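Both complexes below contain chain A, partnered by chain B and then by chain C.
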Partner chain A sequence: MSYSPSAMRIAREEARRRVSRRSTLIALISTVVIGSVLVIVVTGAPGFALVRQSFFNWHYAKKSFPTVLSGLWLNLRVMIVAEIFVLIFGLLIALARTSHSPILYPVRLLATIYTDIFRGLPLLLVLFLVGLGVPGLQISWLTNSAVILGTVSLILTYSAYVAEVIRAGIEAVNPAQRMAARALGLTQSQTQRHVILPQALRKVTPPLLNDLVSLQKDSGLISVLGAIDAIRAAGINTAESFNFTPYVVAGALFVALTIPLTRFTDWLTRKQDRARVQQGQW
Partner chain B sequence: MKKNLVIATAITGLLASAAIGFTSVSANAAATAAGNLPTLTKGVLTIGTDDPAYSPWFDNNTPSDGKGFESAVAYAVAKQLGYPASKVKWVKAAFNTVIQPGKKAFDFDINEVSITPDRAKAVDFSTGYYDVAQAIVTTTKSKIAKAKSIADLVNAKLGAQVGTTSYSTITDIVKPKVKPSVFDTNDVATQALINGQIDGLVVDLPTAFYIADAELKNGLIVGQFAPEAGSDQFGLVLTKGSALTSTVSAAVDALRANGTLKAIAAKWLGGTAGAPVLK
Partner chain C sequence: MTMANILEIKNLRKSYGQDLVLQDISVSLAEHEVKVLIGASGSGKSTLLRAINLLEGIDDGQIFLEEKDISEVGVNADQVRSQIGSVFQAFNLFPHLTVLENIVLGARYVHGMEKAEAHQKALDLLERFGLAEKAHAYPDLLSGGQQQRVAILRAVITKPKVLLLDEVTSALDPILIGEVLALIGELKAQGMTMMIATHEMGFAKRVADQVLFLHQGQIKETGSPSELLENPRTPECQAFLGALREAGRL
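Presenting the complex of A and B:
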């Protein structure tokens, strides 16, 4: 016997399609109206020609692109190295802070002091202290490269942030999980590795990636130590022509760099949500 | 309103051509007619410079004391325009606000800004008030302390301040094999030089003497880069299309013609002769 939908169902689906068509239409009209208002307000502004000339100038965009791009290559290397170390140190510090053993008390104390200080210190100050203060000590075997010392400063600062995020994840795992794991005969470290951390890291993936995106942008701050990154390259170009377009070029490149990571975060979150719904974990 | 502007422009244009034509006599005429220019605030001349303002261009980060080369030049220009020192108001203007599009918060800015054709598309410049040469500072410990020629510098890590012709001197004239460092301020650059993070610092000649004498313990000037006459000049910065540009330029020209600029330079940038020229 072939299936034929009831009249009621056909009417319902028709009604749904109608509603959906209307929503699309309204969304379209609203976008067009708001878009046109924005365009009219911005392009109609008395200084628009001037702003376009000094911020969106194709000539200077083309001229500055190669140097800004080669600056971005430095950003890219710095951010990748820093991200790897930040994740490692952040995890270690978080583990230290959430440890319970009395013998580890000094480690716990140190980790607490570390996160307190480096979360509070402005990155710029850390950069100056490490990037100009450390070479000032004149220790012969120590590097005085602005890029390396700048990366170290980024790692110092961001490890503190990331440690706190991971710690929050660890503490968000229900204590019953630990007890259950111990009851099943897992050792303390097995419990940590196979039960607690996988759940903790999954919980904090979105905020973690958020911090990494932020780190990507802050990688440009090492230019205060003399290294020429994308922003500094743009600054040099701007100073030569008194035209701000190179900054817009650098901005566009940074956005292009961070969009994959933010999209990846969204995708990961959605996937987790779906998995959780399927497992009935809500 | 627009009409007034047109008339004002016409008048300033006339005054300017008069001032250029007859030097001191007509410059005085400009001075008497002035005090009445279309400035931001009527009757007051607003002058911008960065904070901190560095020696020997300014003294003690106080532009309003008339000490230091640029402070003295600013007051001389103001006087030439008919504004006594009491009618001069100083405002702080960071580099980026000086070069931004649109109206500025000052009538003119004086902050060691080099005149280039590219920059002149975005702002107005007065005629140059100082012919500047670039020089290279280092410490006695540095590997370029004994450098005699530009060829001796190609393997050195050099530094300069962002937004300066010093940086283009490195990239266009020295063309070193090592990537140069670029700093926000000469203060940070000087610290990097002390730390040995850079081998040498390129700055304008008067600043080079100041850094070598006042800021470094064992500082020395390796040499200066042969200046082509009039190739690099500091100019006063005005809003693009400002009604004051020609008047201010005329004032600068008059001050150059009657020897005032030379006298001010001799007083505040005195001992800057005698740096060997690098070839």
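Presenting the complex of A and C:
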């Protein structure tokens, strides 16, 4: 039997199209108005010419690009090493904090104190304490390298955040899952490994990636210890020319570096939300 | 004990704070025997089943599994549970594992079965119960009835000494209940020793060797399915069955 849409359907679809055309028009007008206002306010500012000259100068951008880029290579290595250690330590701390074993009581206590302290301490302070305090101890076998100490500071700070994210994931797994696993005869640690953690990590992947994005940009802070990363390289360029464009170049490179990860995080979050809607969990 | 009981519960008592949820429970389960627990929600059926596989601690009394006291302090609970199969109302399949992986998890890590052997066993079971094409699907994609059947296979693949079924059809559509009950019927035919909590009286009648009526944490009445379900003696059991009849569930 052939289907011909009813007049009702045709009218509904027409109405829907009208609504959608209207929304598009509103979005367009709103974008143009807000965009124009921004442009007028910024370019009309009394100091605009000067700011453009000192922050967005093509000549200095080109000139500083190679050194800033080679500085970024250091950031890239620092962030990768830090991310690996942060994930490992974060996982271990989360496991310690969620365990109930009496043997692990002191570890649990330490882990709690650790996360409390390092989530509260500004990263800049940790950098100073580790980066300047450790060399100050004058222990001969300990490194004085700004890069290594900077990386250690990043790891110390971010492990605390990541541990809390993973812990939240572990606690968000339905307790019935643990019960079902134990009912099969799986031990506490087998349950953790085969049943709880895989589900917990899946749940917290978006916030976890978000913390890694944050870690990536904060890798630029090791420049305060004198490590020649992208920001420090930009600073050296600026000191030579009194032009701030190199900082903008460094900023643009950092953004370019984090965009893939942020896009991926958004995509993953949307995908998980869709799956949840389909399973009727909402 | 004249005949060796697989399971023997003596004077079990359990409370949650001030709430006494089980008292004076004594039940035994012989090999191949099927006992069905009936009673209103909150009468203690689930707590009793969970006490047996040591998911709930008990206040007093003893539980023997093949004459070994498993309620003693210091008993290896994991080892006890590895010999008892449990199936829950909410299926509780592991959502991140496929059907096949769900079924072999206990067999491999608790019973140390080789991967190939465990997979073969699981596939045989799935084949026999018409779930073969779901072996590599994730639980989300299965109907409730299929999920519950997988949960039962997960519990029986290691040949437990007792199978505990806790209202396994209560979360299912009437249409899906039948396939789960058929599977349990098949297990009975194979001689599985079972303790079943259920609200399906027709099923209780078919499968039970004995029916126990729980009321406010006590076993009020015991009997063969026909005598207990048709001629209940205690007023509590009469009231319970009367309410079921009125709701059209008997």
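Keep this in mind: the second predicted complex is superposed on the first by the 276 of 282 C-alpha atoms of A that agree within 3 Å, B and C clash if a C-alpha of one lies under 4 Å from a C-alpha of the other, contacts with A are read in each partner's own complex, and residues count from 1 in each chain.
The definition used in the following text is that a contact is a pair of C-beta atoms (placed from the backbone, for glycine too) under 8 Å apart; a residue touches a chain by one contact, two chains touch by 3 or more.
Worth saying up front: this structure is predicted, and the values here are computed from it rather than measured.
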Chain B and chain C placed together on chain A: clash or fit? fit
Kindly classify A:L50 by the partners it touches after superposition: chain B alone (first), chain C alone (second), both, or neither? first
- prompt: Does the superposition put A:A176 against chain B (first), chain C (second), both, or neither?
  reply: second
Does the superposition put A:Q199 against chain B (first), chain C (second), both, or neither? second
Chain A contact check, chain B vs chain C, more residues touched by chain B
Per the contact definition in the header, classify A:L132: touching chain B only (first), chain C only (second), both, or neither.
first
**Prompt:** Between chain B (first) and chain C (second), which, if any, makes contact with A:G235: first, second, both or neither?
**Reply:** first
*asked:* Going by the contact rule set out at the top, does A:G226 touch chain B (first), chain C (second), both, or neither?
replied: first
- Message: Under the stated touch criterion, which partner chain does A:K217 make contact with: chain B (first), chain C (second), both, or neither?
- Response: neither
Between chain B and chain C, whom does A:R119 touch in the aligned arrangement: first, second, both, or neither?
neither
Least Cα-Cα separation in the three-chain superposition, chain B to chain C, whole Å, stands at 49
The shared contact residues of chain A with chain B and chain C are none
In the complex, chain A touches chain C at residues 176-177, 179-187, 190, 194-195, 198-199, 202, 279
In the complex, the residues of chain C that touch chain A are 53, 55, 77-84, 86, 88, 90, 92-96, 105-106, 109-111, 140, 154-155
Chain B contacts chain A in the complex at 95, 99-102, 116, 118-119, 121-123, 159, 162-164, 167-168, 179-184, 188-189, 191-192, 194-198
Given the complex, residues on chain A that touch chain B span 47, 50-51, 53-55, 128, 132, 135-136, 138, 144-146, 223-228, 232, 235-236, 238-244
